[in-house]
């Protein structure tokens, strides 16, 4: 994964803003994000969206790789349980997320860096609210330094 | 004593797509410093470790002949991380080169002999170098007859069409092209390389066969040559092996006690028969 | 009764059974343990005739999980003409579990193996003992009473077995291989039917109550010596992938160096892959040349899987492994919700 | 050859005098194991040790080593060579087998047309202070590979533990100069040198593992295809602990590591192992050593057959690390025994 294309402006007097990579499923959440945009609902500009076919496509590699690549937070969003375009992709993913979340906690890595949510194509408002929430959580945690290599 | 792992820098001068599928390209590299080009003194059959700095390094046979002055050429198939990186290159991109490495074809020993060049598929690159070297006006008189047998899966895969056409026009070289299956518009031979070797039946007298290609082709071609009374010492092969350093340190390219990168990549069949079958 | 007499009985019993199986041609080969050449080690051995049965051994140092040799099968287990041979596997609880779990992943055909059950009372945590002995050479190890007695040139030290057992074994509830009613011929020797496993996981509560900083320190300290030799992976019966994620290079996912971030990532993702699959044999920790203790991670995984999905690995060859399964009502308290 | 005494209490003094000039590496306890690390305090030194888990090779040929660094400026690449290769190193308290391994490594990295400058420069700038083994382990077999528990080769200064003092012997010129500089070292008393010789003799006699490696090499050369290799590789799980802890293993992998946010990176080499399937896997998918049997065989052949024919010495220093590290106890002694058995059996056939 390459670096975020748009650099968040960080002038001296402005406070630090986290960079969050957001994996959105094609069928619900991506459309939800679109709806939020079309409806002009404001949400923080901290997220960079990667569209994936289904939240079931999200491998733990993607999430951990994002963290090692220096992203401050990862957000994964899929369809509500039962609404998956592929019937059960998000349900299998949910188990994976549960394990990952607990393991991160076990390793002492702030589990708040990795957040999961459901948002349907009709929930522009919800999408914005949850992105706001995720951004706040990550912001509180500060920059992601645990995976930084020495140079 | 300079650090042998540091490459010299070159720039991509031109890129030519070699086949229909477009996954094999020939890259022409121009050295940034003229002195470094002068120091890059190679013979056909040698290879170099070329790298896209930031992606990695891989060993590739030098496709150009020392007689083509000014630049060096590499023919690269898109396979892994580094080679894909090459295929994404633009003109002017920086490429690191370490070399020349390996022993190369024994050009001195080949002098005065007839040369039978047997190649298959994309392994033809160092053979191109060899043939161009021999055909050069400076060297042509040193060597005997040249026969080139070059096989490919289909006509779209034939590399170096421009030079092949030139060779076919010359009368001091015999070029036999073949493809595996019949194809419309293909007027040359059809069949596997080994079958064509049998058909052409090159004489083993005062001759050396230079073989490079996929393992199965090498094996069958050798069998045919042996039937034609070729001796093991007369058959030369260029081997492939996974390599990292190219200078005999990283360890992985050993066949028995020999390292392909420094003792090879060119081995005679006689040598190969003495080595364990780990290649 | 001390441990050593119990163990001797088990060993005699094991040899009897093995002899019988070979004699009656119920199995073609048997894989078991034999005496190691160093005091703290045992060695896997494959035998195919009755005479060698006496080489078989059982003690508290038999820590290698023999299921490893069945996926993929070592060449001796495959006959060029007959195909897969019937293999008798000397199995403590966790070896049996591994075999059964591998069957649930379609990696083993249970008709081709026989589980020779052994009641295991835990294996010695050899690394811990070695580290406590420190820079002195261990020449002899024996189990006497309930103690592990370690002798060297000019010292002798006793370690209470209960304490110096491998951590995973301490809370082990499946000491004998599980009996599968569907395969009546699968198990010989001492096996047991398990209906439901009750585990309180009290042993990792203490760890769980630590602060994130303390956890991070614990993990980074423990993993800082990792040499990435992947002995843990190679000894694990569940790590049978042809190409492990750390070796993948198209694309290269994670760094291969021994820098801390890379090491952490390796162990984190490997743990991820062990969820619902780890059979708590502890081989990964016991083979580690650097003595890294991975038991806590494995215990935690067992806990997560048990609590969240009610699953214990290696008890039912027909069960669907939890990570490829789902339930509509799985807990999702960790998902972001609107306030 | 100067001989002096170093009081055990004076190690701190030695350290504080030398640490300014040298990067001071010494055996120290890390997570319960002895390892050679650059120390920051004389108290960390653990000289009463059997041997380190990871060999001191790690100091001169670390598991991860930067070959060079690079920067991208647009399309231009700027290569920066390492500048820290000229730092002076001091490796304190190295066992004779490991010290001898430095010689093997040096010979290997210097052989052929290409010299490994990264290693050799470091080696040149390193001063090795060896220490004799008073009590070798059962798994040690350095006497079988031409070594000795008190072998002084390729050390600069050699210490012998005499109880309260260390006998300090300057071996090389480098060592001689260093001992001269440490003017506070005590003069030896009568009998100290003899005592050290006695200890050496005692240590030598305590060896239980002995091999005839000349024979091993011969048998190996003749039996590449022998079925014994199947037997040897059978219980191996391919974990590569043996190669990672070996003081003479030199194989490495080369990788580019990037700091993408700053357009820079470094080409590094990391230890690799012939026990890994990936080691020889070619991009085409062809693998010359696809199975465990070939990989196991390669390790043994490399040490005991290829090394003798390429460098005229065994590629083994007899430290016994692979013996103790093997988790399935498929250890070198057993392997060598099995190999020698071939010869015995064929001998029987001939005589019968």
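A, B, C and D are the chain letters, set down in written order, and residue numbers restart from 1 in every chain.
Note that a residue touches a chain if its C-beta (ideal position, glycine included) is under 8 Å from a C-beta of that chain, and two chains touch if they have at least 3 such contacts.
In this text the structure is predicted, and so the values were computed from the model without any measurement.
Of all the chains shown, the one with its CA centroid nearest the global CA centroid is D. Distance between chain centres (mean CA atoms), subunit A to subunit B: 49 Å. Note: centroid distance subunit B to subunit C, computed from Cα atoms, is 50 Å.
Look at where the CA atoms of subunit C average out and do the same for subunit D: the two points lie 32 Å apart.
Shown for subunit A are the residues in touch with two or more other chains, namely 149. Within subunit B, the positions touching two or more other chains are listed as 80. In subunit D, the residues that reach two or more other chains under the touch definition are 253, 255, 257.
In terms of inter-chain touching, the protein chains here follow a pattern that is not a line, ring, star or complete graph. Of all possible chain pairs, the ones that touch are A-C, A-D, B-C, B-D, C-D.
Note for the complex: subunit D touches subunit A at residues 257, 259-262, 264. Within the complex formed with subunit A, the residues of subunit C that make contact are 207-208, 212-219, 245, 253-255, 259, 261, 264-265, 268-269, 271-272, 275, 297, 300-301, 304-305, 308-309, 322-328, 330-332, 334-339.
By the touch criterion given at the top, residues 30-35, 46, 48-50, 53-54, 63-64, 135, 137-139, 230, 234-235, 237-241, 243-245, 253, 255, 257, 268, 270-271, 273, 276, 278, 293, 323-331, 333-334 of subunit D touch subunit C in their complex. Looking at the complex, you find that subunit D touches subunit B at residues 67-68, 70, 72, 75-77, 79, 81-82, 108-109, 111-118, 120, 224, 250-256, 258, 265, 267, 269, 272, 274, 279-284, 286, 288-289, 294, 298, 301-302, 305-306, 309-310. Of all residues in subunit C, only 249-252 touch subunit B in the complex they form.
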